[in-house]
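Attaching a single structure in structure tokens format; questions to follow.
In this document, chain identifiers A, B, C and D correspond to the written order of the chains, with residue numbering beginning at 1 in each.
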Amino acid sequence: MQPILTIQDLNRFLETDFSEVHHDGKVFEVIATGPGYATMRIEPGERHLRPGGTISGPTLFALADITAYITLLAHIGPVALAVTTNLNINFLRKPVLAPLECTCRILKLGKRLAVLDAAISQPGSDDLVAHATATYSIPPR
Amino acid sequence: MQPILTIQDLNRFLETDFSEVHHDGKVFEVIATGPGYATMRIEPGERHLRPGGTISGPTLFALADITAYITLLAHIGPVALAVTTNLNINFLRKPVLAPLECTCRILKLGKRLAVLDAAISQPGSDDLVAHATATYSIPPR
Amino acid sequence: MQPILTIQDLNRFLETDFSEVHHDGKVFEVIATGPGYATMRIEPGERHLRPGGTISGPTLFALADITAYITLLAHIGPVALAVTTNLNINFLRKPVLAPLECTCRILKLGKRLAVLDAAISQPGSDDLVAHATATYSIPPR
Amino acid sequence: MQPILTIQDLNRFLETDFSEVHHDGKVFEVIATGPGYATMRIEPGERHLRPGGTISGPTLFALADITAYITLLAHIGPVALAVTTNLNINFLRKPVLAPLECTCRILKLGKRLAVLDAAISQPGSDDLVAHATATYSIPPR
């Protein structure tokens, strides 16, 4: 299962077709892709915090969802208007205000549905900050 | 199971203790609370869209998560620093760029864990836009 | 959203086309159906227990999954070979060794996917024992 | 994160303290354990099938849940009466009537909650049959 888009293709897609991702600054970036996976990085700011000084849940959700979407597009191309149908996320440890990386793996790539998992951590630590599983509906091609 | 905080208390809490929610404009508002539930409303803007002109997944996630958190605080008070441990969300229909309302119900309020569900719809329609279930860990009181 | 199968139709379907459900005794029974919902009942036995004397997780999962499947068939007919693609279950309270009832509601009935939620309780109590959300893939008709 | 129980300990625990698992024949067996993980195997029979000739959802749920429970006990000892609070399962491919293996990894082992994921496949294939994430509540020790 080889990706058909490069890191550059994917970052360009984010800018041109999914610019809402960058609406409050360019904090998301695709940093790796390979057979069945892709990795994104976010540089969070003050607006991504929640009470207690940790990164907010919606920020972690967005990172998992966008990375899963990018991972899927990396393998099926940028044409399809895939939509998230389900996302289940477990928040495991409180991240500090520092960059986060999310790696998504394709668990299944069917004709109508794709299922991926997402592991979020902070560089320098093996501990997971959050783990998610997501399903995408793929429109008829 | 009666709420111990009023709508005004809850909106004040959002402003004073959870101001990140309003970081890009005051779009979230508590509009109802009662035995075991609370309702919030969001007035989404352009920055809440995703490709296809629909409200983004992270926006719907944030609405479900914040409403569940507010529903919990309405019933246990604003002291506790509860944290989301799990959130499962199903995206059911594509919302248009118009207000959304989310009603959360407490399914269980234990000493250590609370479980709530969240139903998101758009005023004027009975169809659900999204449905979520969330678990919160409650610190020792 | 009216059901097109009766309680009798659904119980007959369980016996003829889904007899595995009754493999260790006829403990599952459809007891109600109506617009967008159906209710099943299980009479659990010793084999449905787990350490601590409570009903096992797999038994509650089976009750939620079978009720959701029956609710879907009640509304689309017994032809389709629908399959569960995702099920998320929260275990809320420990049930005692006594009958359980599960009511499922259709949250969305699309052409390709249906989403339902399931609430499990024990007659005589308003407290939920478990709550689940499930997605079914519907084959082309 | 080293296991403190052996494969033999774990299989003995299943027989003595969790004999319901074997109520209709000894089909479940622990076959491996190591740092942060354990693997179980099931030899399914006719009673584990569902319409379409594939292994039933409740059987796959039970395999994921029991393996996660065993993986947790392998690392904290057999004393604790841990209970599943949430389990989210994605059904990815239809398994044939042949043995299934499930490997669970600990994603987080906290004082009060543990989160694990579970990957189910059939020997001889790399494709996942199902993938689950589960949360267990650990009683005060």
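The rule we apply is simple: a contact is a pair of C-beta atoms (placed from the backbone, for glycine too) under 8 Å apart; a residue touches a chain by one contact, two chains touch by 3 or more.
A quick note: this is a predicted structure, and the numbers were derived from the prediction, not measured.
Enquirer: When the contacting C-beta pairs are counted for A-C and for A-D, which pair yields the higher total?
Expert: Ranking A-C and A-D by C-beta contacts puts A-D first.
Enquirer: What's the farthest chain from subunit C if centres are computed as the mean of the Cα atoms?
Expert: Max centre-to-centre separation from subunit C belongs to A.
Enquirer: For subunit C and subunit D, what's the span in angstrom between their mean Cα positions?
Expert: 23
Enquirer: Return the distance between the CA-based centres of subunit A and subunit C, expressed in whole Å.
Expert: Whole-Å distance between the two chain centres: 34.
Enquirer: From the mean C-alpha coordinate of subunit A to that of subunit D, what's the distance rounded to whole Å?
Expert: Roughly 28 Å, centre to centre.
Enquirer: At least two partner chains per residue is the criterion; list those residues in subunit B.
Expert: Touching at least two other chains: 85-86, 88, 90, 135.
Enquirer: Of all residues in subunit B, which touch subunit A in the complex?
Expert: 17-18, 20, 23-24, 46-52, 56-58, 61-62, 65, 81, 83-91, 94
Enquirer: Once bound in the complex, which stretches of subunit D touch subunit B?
Expert: It comes out as residues 85-86, 88, 112-113, 135, 137.
Enquirer: Which residues of subunit D touch subunit A in the complex?
Expert: 88, 90, 92-93, 107-108, 115, 117, 127-128, 131, 133, 135
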